[in-house]
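Each chain carries a letter (A, B, C, D, E and F) given by its place in the written order, and its residues are counted from 1.
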């Protein structure tokens, strides 16, 4: 159940018996051969699936994230860190004002972690607010799954190559991660990473991807219990 | 053609022969009986239709706008004016850096006009950048059409009630606009506007809506010529 | 009655029986052959006249507005949109803290409309605050008057050519508006508009100007009733 | 010669042979029995007099300054320090862009000194920009004059009681300064200072005031030589 | 070699043959029984040791970090995320302007990772700038060492209990980490963590701590090669 | 007693019977032949001495200040004025939240005076907060002492040449201050001031320096009484 499919009366009725919300933070940034909106599509898919099971409402995603390292890759749209802080504060304050109290942020993009301290600042200032944060690719569940299948989790690799994020053929085989040290700027990132995939297999089997999705979904459902 | 259906290599190829982009600014705010995302859905529909005819790329929409007056209506998510300024600056600078030079902003929401001066500031600072702005509901085309059909254009009324923005039954008849003066805060807005529709018929015929869409699309195509 | 002619004890006495204030937002920007401070002089003249009739206090004007498009015209001083937001917030909060509750903002300059959403944010946050906004040249009254006299309202044209804004001879005749599309930057604006007048007659008769002033004054008096 | 009496063509002609500008920073704040705009009126009077002698152009004053300590005195309008920084940056950048290179800031208010470091930042970033700053009441000239007449310089006392800043009768005699330590907030300031005058004689003779004005004017003329 | 032991001539001489700098970001926040400045003391100790071996200059540390979750623990001083972004930008730009080109940031505190995207933004904008970042407690070296000694790395536990960070007796034994989910605010953090230690042994042997220090120092030396 | 030598339990115990804190604002900037951290070292020495006599706690110093005029001198690290405002606000709010109510700011650097109005804003907004500010080199005590010894107080001269700030031999004799007018940018400052000392004797006798320290310490102790 997405906000876009409801009008305000529907949301008001919802708030009479429920105070949870799923908010997706994403990015519009290079993902190798995959969709530039991969970091929105994955958490939105999880959000929709979790919503189907629980009835928790899903807010419209923020389609842009903090991706300064990929600005040399065409189609990448990056917010400054300070901008993301402002957006997240405004969104949380808006829905808090209407009665939402338990908000699960499904984050699709690493650079957005810059907002972590802001979430605590908001929780300090807004009584009764409970926030949870889930970055699926960093979860213990995914780490375990990847190890079990002998796959390496990495940006734009197999692990993000869901049927719904693929927009082109993927190369066969695996990529050897480049070696570097220090903070790369956008030009150096492109030199180092070429096609934009960080490391590992370009593709995994459908069963692996299905399993991956499911373990993440379990995590989301668990977090949605806010216990 | 939306960025979400492409990868970065596709966009890079696109930029070899084209430098135009459509950017949608929307809002997540009460629209009476219509979808809370009406202000995204309408300009996105126009963007998709214009893209189909011209091949111009469509960026992911900004799903939140500046809607402080509707914060008492559940589901409304409002950015501060200063936040929107930051987001728009970051988005424009990102794509300018990759070679986009002619950007048509399809705005779906009145409160977002607060960014108008920023667009000039950006045009002052980024050589060769051409920006155009289209707020469909304020266009001469729509004014003419509404007059011809003896309909009154107003927030959340018939004029936004496209098949793709309707999420509930609409009441019959028309609404008499409340009378007020001065700046209303969110509580006063709700008292004044009740169901959130500002004025006029709740619904128009399919042919009117189709005509409405088409005159706006013509405007968009015209603006996309950047002449 | 202007604040500059009073000391704080006078204002404190005033606040014992009155809570209204007129605040003028202006601009220092090119107005063709007219004074660079035209956008301050007109609303201040209205403010003074309204104050004489009602006794409502007039705050010192903000002499700078948001005018990035005119920065190539010498003497134009432009604030960033974000700066104007900060100034208006500070001014309103200052006088609210002392007991002013009904504030009429007489705006003299189009670019300042960028603060509209901020006014709602302030009204949301400051209990009992009533704000009203008047942009005289956009009023129904002026539209009607211009139509009646077959004159076209436009920046720096006859409509701003009051005796008190004229600092030079005005050319005879009328100006044909240039045609353009999209957002002009400051250089393009100067190329398009040359002497800075947008369109229409350079001058109207004294009786028209007097009538113009009076219809605007009526509007101001009406708004000052805050009903 | 004030900008308000010119149009942009006049300023453009001026810039052909001259690159100096006088900018007045003031305040709208309690000044005891004197005008709330005393801190604008005094530097504007100096600016006008200096302009008459040198032909240097005078920009419109900023009518608001940083006065948080006086917010309990009705009619005081205070900008946050951060707001003033933004305004001054915008004003200086605007006129620098048009060719002004030597700008004398006549400051009328102590709290505005918060912008001092910003002036250096601007001078670091804008090649060829020369800024000068004059806070008349802190000048060596005024100190000497006050000592010679056995008068104590203090906020809102004789030293600001020019004919053009007086809006009420002044009490006879002198005020004993209250004793305090530490940073006073606005409530404590009012408790400590009562009528708002800080210390010393309420009034000096016309000849003293005339002499005071003249020594300050000499300073201004000296600074305008930018040597 | 610390900047505090040099004057500007010394640094100017240094810059003739060297362009590296070590910058310490710390925190003033609760560390259980350990010094409130633990997050400064540890990276400064590493910086001093690395400087002794390489001659690379050490800048004064930033003594405050982003620690909103610990604000209920007395003595914790927390910057907003946006503030830290500003400080780090200013520091890096200052030394870049003087010729420093390779800057190793030794970070002592997890909350400071919020600046990561800013570092890329700076590297995008400042040609020739190389930044490196080291958060010692997250390093592979420390992970390995902890595993080898069967110790669990955690905030304020044995791993930060160096002789130079201890300011009180440490309790015997180990702490069982509390279980929680979601974002804790400062009050919940205190309820959950009590004495402020997150988990694991309070203390390790001197030899372990010495080994810990040395593996981190090796990392730092390696990063200082900027290869 | 410095915060760095305590853990949070110690500070909590302290706050049971005491609510005072000393906060040092400094700078990392050229001081001629003296340490680049002179503006931290002097107020910290005063803070430690005052703490020893009174038991008042000393917070970690802010090692960076607002020094844009010295950015051409290697080793100078300057915060923008707006950044310093944010840092000081965050620090004061953090400790206020824990119960500190009387905070003496020992400022070591002239450029930091830009925060003065912010201190009043904080005192306006945080009930019961008492702030005091001491800039030792501007004190009446130091002025008197300098006059008595026929010494001229000036940046980086004898007056800052304490045994603990000297890091190199000092030249003999005295420096004639350069003459200049207007706001110097960083390049002009270096041209004008050469070695960075502003004026006067490079060195004074140990007894003078000891006396200087003591009169300042007396001031600090007096301010710490907050009476």
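General observations
By our rule, contacts are C-beta pairs under 8 Å (C-beta built on N, C-alpha and C of every residue); 3 or more make two chains touch, one makes a residue touch a chain.
Everything numeric in this text was worked out from a predicted model, so none of it was measured.
Chains touching both subunit C and subunit F: D. Counted as hops between touching chains, the shortest connection from subunit C to subunit E is 3.
Note on connectivity: the fewest steps through touching chains from subunit B to subunit C is 1.
Counting the residue numbers used at the interface between subunit D and subunit F, over half appear in both copies, so the two copies meet with largely the same residues. On superposing C-alpha atoms, the copy subunit B sits rotated by 120° relative to subunit E, to the nearest 5. Chain centres here are means of the Cα atoms, and by that rule the chain farthest away from subunit F is B. The chain pair with the larger count of C-beta pairs in contact, out of A-E and A-B, is A-B. Taking the mean of the C-alpha atoms as each chain's centre, subunit D and subunit E sit 46 Å apart.
Note: centroid distance subunit C to subunit D, computed from Cα atoms, is 26 Å.
Across the assembly, subunit A contributes 71, 80, 82 as residues in contact with two or more other chains.
Taken together, the touching pairs link the chains into one ring where each has two partners.
Each chain touches its two ring neighbours, and walking from subunit D in the direction of subunit F yields D, F, E, A, B, C. By the touch criterion stated above, subunit B contacts subunit A in their complex at residues 3-12, 14-15, 28, 30-37, 40-41, 59-64, 71-80, 82-83, 86-87, 90-91, 94-95, 97-99, 167-168, 195-196. Contact residues of subunit D toward subunit F in the complex are 66, 68-69, 71, 80-82, 85, 111, 113-121, 123-124, 129-133, 181-188, 222-223, 226-227.
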